[in-house]
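Following this line, the structures themselves.
Below are two complexes that have chain A in common, paired first with chain B and then with chain C.
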Partner chain A sequence: MASSVETAIRAFIVENFLFGDESYKLTGETSLIDNDLIDSTGILELVTFLEERFSIRIADADIVPANLDSIARIDAFVNAKLGESAAA
Partner chain B sequence: MSEIRPFAAADIPKVADMFQRILRKTDRPATPSLKAYLGELFLDPPDFDPDIVSLVHVRADGSVSGFLGALPMPMELNGMRLRAAVCGTMMVDGHAEDPFAGARLLRAFLAGPQDLSLTETANDVSTAMWRKMRATVLPDYSLEWLRVIRPAGFAAALAASRFGAAAMLAPLARPLDAFLHRQGKGTEPQWSHVAPENQNGAFSDTEADAERLLELFPALTANFPMRPQWQAETLRARIAHATRKANYGDGIRRVVSTRDGRAIGLFIYYGNKGGIGRVVQILAAPGQEGAVIDRMIDHAARRGLVALRGRVQPALLDAMMGRRIGFLHASSSIVHTRDPALIDLFRSGKAFFNGFAGESWARLIGDRFD
Partner chain C sequence: MCGIAGYCGQGVDPEEAEALLHRMTGAIAHRGPDDAGIHVGKNAGLGHRRLSVVGIADGHQPMASVDGGLCISFNGEIFNHIELRKALAAKGHVFKTTSDTEVILHLYQEIGADCVTQLNGDFAFALWDAPRRRMMLARDRMGVRPLFHSWHQGTFYFASEVKALLTVPGITAEIDPIALDQIFTLWAPIAPRTMFKGIAELPPAHLMLVEGGQTTIRPYWKLEFPDRGDLGTTRPQEDIAAELRDLLEDATRIRLRADVPVGSYLSGELDSSLISALAAPLVPAGLRTFSVTFDGAEYDEGPFQRMMAEHLGTRHSAVACHADDIAESFPQVVRHMERPVLRTAPAPLYLLANLVREQGFKVVLTGEGADEIFAGYDLFREARLRRFCARQPTSSIRPTLFRKLYPYLPGLAQQTPAYLAAFFDVEPEALGDPLYSHHPRMRNTAAAKMFFSAELRETLGAYDAAEELAAGLPEAFSRWDPLHQAQYIETSFLLPGYILSSQGDRVAMASGVEGRFPFLDHRLVEFAARIPPNMKLNGLREKHILKKAAKDLVPASIIARDKQPYRAPESQSFLGSQAPSYVSECLSPAAIRQAGLFNAPLVEKLVQKGQRRPMAGFRDNAAFVGILSTQLWVDSFARKPASGHLKQTAA
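And now, the complex of A and B:
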């Protein structure tokens, strides 16, 4: 079952990068880069969304495909950040 | 892991190579002159600020794959000093391998200590990125103006810029323009006209050396609530950088004065006979904008230029109406700041920005490095 974090991320991507097209087969592992869903402009939009929606601080070094190239990766990255915040 | 770090001297060869391939779109290797200039401009800029630095994107293997040139520019607002940084050259090599490199460079730049982040040369992609960072695009500063002086010659010059062989049309254009000029005499203001008050000799223009410009820049921008905090040494350096723009033609620097010798404005443009001149700066005392523009058009007409083009400043827009000047959009001027009150000054045209208060003075725009 999808977490609330994953649901929010998916909704954002569908709304902003797929323009509301819910018929697109967007799995948790779908690469946003390889499928041309996100570019330099889109990543700035996504990072701003994540920072504001989850009240996390994303460092410049965090903005890499390993953290942000799919819903699953973003979900894991955000949860790790939230974990850091809770532990602090 | 890839990283963003300050630009260093060791990065110059790679950055120069990217500049040639990505921005100049040529396979020719970067010359020692270009490399030296990149170092001079971005490691020791006229208003050096140790906290406002140019940035590079470095891949995990240590190779440089992106560059953002930052030019510090102290500004002032009602006596208060503001730190501004102009984002000049921005380029990424191998975008497919580093799809987020440009975003990271811009984000790192905007996170700097400056009160204002500015650019005047943002292309469509860069503009979209700045917008996503909640920056404000400034329409009144983003327009290019164009004044055709010799219509046939302008068409020939435009064609020649796309297709070299079309340069052969230029000799045919001259008699046609001469005919059009004769036809228009005695009628409404036409191409290459000079306003009646200028024809009466109320104003004249004379060559300006660097020292004269140094004196006039602060005086003629004093009426802008927000303006660069001109320092003699750094302004002198900007003037020196702007001396040469070989791709545009000969540099012209003129002061416009009244009959009694009072300076009311100045203009700086580059261009040769038969070509389209590029105006980098127009300054005018309040209310004298039209006279300065007229003197400039007249000067270019007498030198045989077929058109003039330049970047709009809101303070000049009103005077440009009725002078047969057209407008188009080529690149965007953008401001990013955390203080909304500062944005309002740009929106209302009360900030002096573009030209010498931007990056157009630098040789990277319009010069050759042979």
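And now, the complex of A and C:
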């Protein structure tokens, strides 16, 4: 069962990088870079979306493929961030 | 500079021949507003529209030899016609005109089809050899002047532009889907392929003989580089820079030969500044310069243009290009280019040529070509940097240099090394790929294919444009230095396929303006190819040797400025509240479905995304401009294709 975070991330990617193409096989592990779904401007769009949607701050050093290159990675990253702010 | 058209074969009724030739040349009247002529022979015809530049009073075309055996229709200029004429006269040839056209006739009589090897110029011509019943077509080395041809029912037709061929009964505009795929990968079709199925382009530096219903096509010149490690020369840099300057000066001098005044484009960059500086002292009446300016500092180079014009004391005129000018002119621009494009950059050049014409000029020098032959493009620096990173793929420092490479791309400034390395494909495994230098560009461009319709995808199947490009590379390519490999691809492919056509001949000739390109003088091209790679791209400093050669001619502030690639506002030109109505009509789901090339719901989302906020990314902008220009192309040339047309036309 997808979390609400994951659902929101998926919806953003489908709308902005796939232009609503629901037929695209976008799994949690699909690499956004290797499949040319995202370019350098797209990363910034993604970061802006995550900051606004989840009220988190993403440090420059966190903008790396290890955190943001698939829905699963973004989901884990955002949840960790939300956990940090809840704990703070 | 002119437009040519004609045919050979038995398919044209002699009674219809004149009307056909008038129709064909009428379609390209913009190329030659000063004069028109036709010649009808037995089973062959030539037509001509003339822009009078050399031999104004006696250069009427088509032009026949004294004995009437040869007849030529010629578009272009032979810059060394004076030297050739002298040499031919010494051999006893008697000239009846002062035009460069007649020189080709005599040279052909002297040495036959190989006469093209003697020509220094920008040309496309057709020469009918009546005694041999042979039509010869030829095109200049770099691909400045266009030439298209097609067979229809056993008869061979040719013309400067496709629109002239489309006036031939039975020749119709049908899209070649492979060409569209090539444009959406490489920015241009791979010659001889064109956007029009069944209509081919004669590749640059090739000649074609049509005889007895058979054609032979062969290259008469090739761009070649020394093997990797062969420095070619041990001469000091200063010597090479001096020779470069002498050659460029001569290339500029012979390109000022004309019976009408010659002006110069001034972009504010080193290349056109240098050409203008070399030309200025050779124009006693004072050099006229022309440029285009933009509203935003992101694109505008006006201050540098004015600085250079003041430095040289030229009388300068600029046309201001606003976003709505791009949108207003774009349908006309597509009609002239006859192919879709992924950028709007041709539109401002169309407006610039219009300004030149309004100011009473029909010939201009430009700085085009320097970035290819002296390694000025960012792509060359990017490729070198990618190789540097690939040698140490775990380095987190090396990829940060990419930010320096593209200071004008805001998206890159904030990226971490890990993302930079991913975007620029620095994987060491790819180093051996012949197209390594072009990977990021091809990849970013091809991402726009996500908007292709299911029908188009099915038609294309597993076709790979990059594979076709790689398969056509010369055998020696693998032995060249990586910089030379990248230069070869740019010079022999993108230069003729996009820069000299969509941004060059087609938009200038729309206003009857002829561009002349001193950097593309083949003597200079050959000389530059032999200059060691590090003298061209010194570390990451582009055009190093050219800057040395320019140092007493161009102000230091222009030589030292960061390179600003020529760009124009892209999708935002078409998405404001003032956008012309054709934009929404062309991109409407109904129009997209009717053309059948793109996925209508996805295109709708793309348009909405651009309406919400200006598109910043390359992929989105390239897709938008590519889709719009393709729709305009369909509208102009291939209206209302039948359902399922793609399957029928699959190559």
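Things to note:
Keep in mind that, in the parts below, the second predicted complex is superposed on the first by the 88 of 88 C-alpha atoms of A that agree within 3 Å, B and C clash if a C-alpha of one lies under 4 Å from a C-alpha of the other, contacts with A are read in each partner's own complex, and residues count from 1 in each chain.
Keep in mind that, in the parts below, a residue touches a chain if its C-beta (ideal position, glycine included) is under 8 Å from a C-beta of that chain, and two chains touch if they have at least 3 such contacts.
It should be emphasised that the depicted structure is a prediction, and the values quoted were computed from it without experimental measurement.
In the superposition on chain A, contact of A:Ser3 is made with neither chain B nor chain C.
Between chain B and chain C, C contacts the larger number of chain A residues. By the touch criterion defined above, A:Ile43 reaches both chain B and chain C.
When both complexes are overlaid on chain A, the residue A:Pro65 reaches chain B and chain C alike.
Using the contact criterion defined above for the overlaid structures, shared-chain residue A:Ser85 touches neither chain B nor chain C, since it reaches no partner. When the two structures are aligned on the shared chain, A:Ser55 is found in touch with neither chain B nor chain C. Of the two partner chains, chain C is the only one touched by A:Asn16; chain B is not. Common to the chain B-facing and chain C-facing surfaces of chain A are residues 33, 39-41, 43-45, 60-61, 63-65. Remark: chain B residues 1-4, 92, 95, 99-104, 106-108, 111, 125, 128-129, 132-134 touch chain A in the complex. Here chain A touches chain C in the complex through residues 15-16, 18-21, 33, 36, 39-45, 60-61, 63-66, 69, going by the rule given at the top. Those residues of chain A lying in contact with chain B across their complex are 33, 38-41, 43-45, 47-48, 60-61, 63-65, 68. Residues 409, 411-412, 414-416, 418-419, 422-423, 443-444, 446-447, 450-451, 599, 601-603, 605-606, 609, 616-620 of chain C touch chain A in their complex.
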